[in-house]
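First chain written, first letter: the chains are A, B and C, and each begins at residue 1.
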Amino acid sequence: MEIFTTLIPYLLRGLNITLSVTAIALGFGLVFGTLLAIMRVYGNPALSRVITLYVGVIRSLPHILLLLIIYFLIARIVNLSPFWAGSLSLAIISSAYQSEIVRGAILSVPNGQMIAARSIGMTRRQAIIHVVIPQAIRHMIPPWSNEAAIVIKDSSLVYILGVPEILRQAQYYSGRNPTKPFNAYLAVAVIYFVLTFLTNRGLDALEKRIRIPA
Amino acid sequence: MDYFEYLTIAIPKLLDGLVISFQVTLVSLGIGLLIGVPAAFARVYGPKWLKRFVIAFIEVLRGTPVLVQLFLVYYGLPQFGVTFSAYTSAYIALGLNSGAYQTEYFRGAIQAISSGQMQAARSIGMTRLQAIRLVILPQAIRLVIPAWSNEVVSMIKISSILYLVAVPEMMTVARELYARYFNPFQTYITVGIFYLIIIGIIAFLLGLVEKRMKIPGMELSERNA
Amino acid sequence: MVPNDNIILKIEDLHKSYGKEEVLKGVSLEVTEGEVVILVGPSGTGKSTLLRCINQLTTPDAGRVWVRDVELTDPQADIDLARQHIGMVFQGFNLFNHLTALDNVLLGLVHVLKMEKDAAQEKAMMELDRVGLEDKYMNYPGQLSGGQKQRVAIARSLAMEPVVMLFDEPTSALDPELIGEVLVVMKDLALEGMTMLCVTHEIGFARDVSTRIVFMEHGDIVEQGPPNKILNNPSLERTRQFLGKISDLH
């Protein structure tokens, strides 16, 4: 069908953006989320409570609302392109969820590990980096795989900021070809499905490879 | 105008939007439940071909954004001459989506019930259907409550995307408000507070339900034989 | 307790394999009315599998099973109907966790035997009394001790008025001090004339109450005979060795 010769180029233009938004959101989300988790588990109680509150609020609000709040907040302060505003908003949202994942993974490492590390003279910092985190990582992969799929799907939300990712491209296309809207959205759905599918399978394979022999 | 003056105008309108949000949430959850429970049992006890079909259904619905599913129904189906209203499109898309997730939650609950329960039921002469109805399902319902509570909260959050198809729920109302008063940030913060309060109340209520339905000695973490 | 010539259970040349491992290698057995048959043998030698092949919870690969004159291995057989007449007690109790003790016993009466609620309730209470749990009607399984749970399980099966009771290591999952209360119930049942087939390690019970002991190893029946013979003077060295091992424990 010649539809595809016109549709596909449109979508490919958007795919780049989709992948970038996702990568930024997941990447920043991981870094910031891990920091939050570490502060929450190992930090002082007051800090822990503040972070718990912060994470709780973000996880209770619709992503689209958070996206808009952060966008308008950022727009007041800094002048960012919609692409960066959208990506960073998703990053902030994802960091809250990822902090829960990392926290769960850290807590699943038995306390004795930290005690053993300190008893051979490691500082807290060294123990966290060399003993706790390597073990926590293995517990993290399944829930993180889930979060990655969620962020991939959430990237569709930034279209409301005008960011030209694949959903917006599909809209442009169906605007120009008003007889075939279904095809456009179906193609988008297929692309998302392929992305989430590959991500999940890939992370499953990774999990198997780094498994500690039991 | 100051914030409190604004609130006196905004709150009644937001409450109207809230009612719509609730309505959509409840209907979609209901549809999801009607799909999820049978699908979960089919997934666990059904013939191979049916299992594969359910798995495919789940993978597709969970692997694509809800927004895209909504657009497929609302903007896409007219290509084939099938036009649904925004509301109906919402119910279909959100209902199916919820159905996929609920299938997984119920499946988890069913599989957490030890196989011994089914064996004991069959060994006194029950048919498979009787065993499912009288022994497995009542226990599965209790095991699924925490995950289902999650789904309720999740659905309330998801209903916010309906503002993109002009269903007059809270986010749509918010948009109208800030279009008139030029204060998007305050408006959205206000909506945010609404969501926090609503979700807080719902979480509390669901906690009560969980307590009421508890069976002494039947904890979710224990695998009683 | 004297067995008569009525054959309740007949097993003919049962075979069952799991993957490459053959767990039942052509087992044949007959149990007459009133007999109490104890199955002993090392773990994993197919004893539990044999029991499950009787009420078809596990389908044998080959061989035939009759209860009374109904062939359960016949593809046309109504298995659900047949199971009403076969009682099974599991190592893991498998009580319905969402129901009280009374309701556990009631469920089969009301939904399978289609009894009237009142009549069913009376019968259920009677069965629970029979196993010594008259004060536990309204308790949930989670509130009962292991021994109590197993007795409810026995009551649940007995309520269906089976012609034969199958016991699959009924006391193996119990703490030692709770085993006695279950064995008492099983002894009474035997003395009342119930046909029983038990997989167990409780040699004392076997000595007191059984009419025949069957020693199985590696999916085959090695030796069988009256308790006096098997326990005191087994014909085969293997039997002697095995019994020696478990006598030390019990």
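Everything that follows uses one rule, which is that a residue touches a chain if its C-beta (ideal position, glycine included) is under 8 Å from a C-beta of that chain, and two chains touch if they have at least 3 such contacts.
Being a predicted model, the structure only gives us computed values, none of them experimental.
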Chain occupying the middle, per Cα centroid: B
Chain at maximum distance from subunit C, centres defined as averaged CA atoms: A
Distance from the mean Cα position of subunit C to that of subunit B, given in whole angstrom: 45
Rounded Å distance, subunit A centre to subunit B centre (Cα mean): 22
Length of the line joining the C-alpha centres of subunit A and subunit C, rounded to whole Å: 55
Subunit B-touching residues of subunit C, taken from the complex the two chains share: 55, 57, 80-84, 86-88, 90, 92-98, 107-108, 111-112, 140-144, 153, 156-157, 160, 173
Interfacial residue positions of subunit B with respect to subunit A in the complex: 59-60, 62-69, 71-72, 75-80, 153, 156-161, 163-164, 171, 184-185, 188-189, 191-192, 195-196, 199-200
Contact set on subunit A toward subunit B in their complex: 57, 60-66, 68-69, 72-73, 76, 149, 153-154, 156-157, 160, 167, 174, 179-186, 188-189, 192-193, 196-197
Residues of subunit B that touch subunit C when the two form their complex: 114, 116-117, 119-127, 130, 134-135, 138-139, 142, 215-219, 222, 224-225
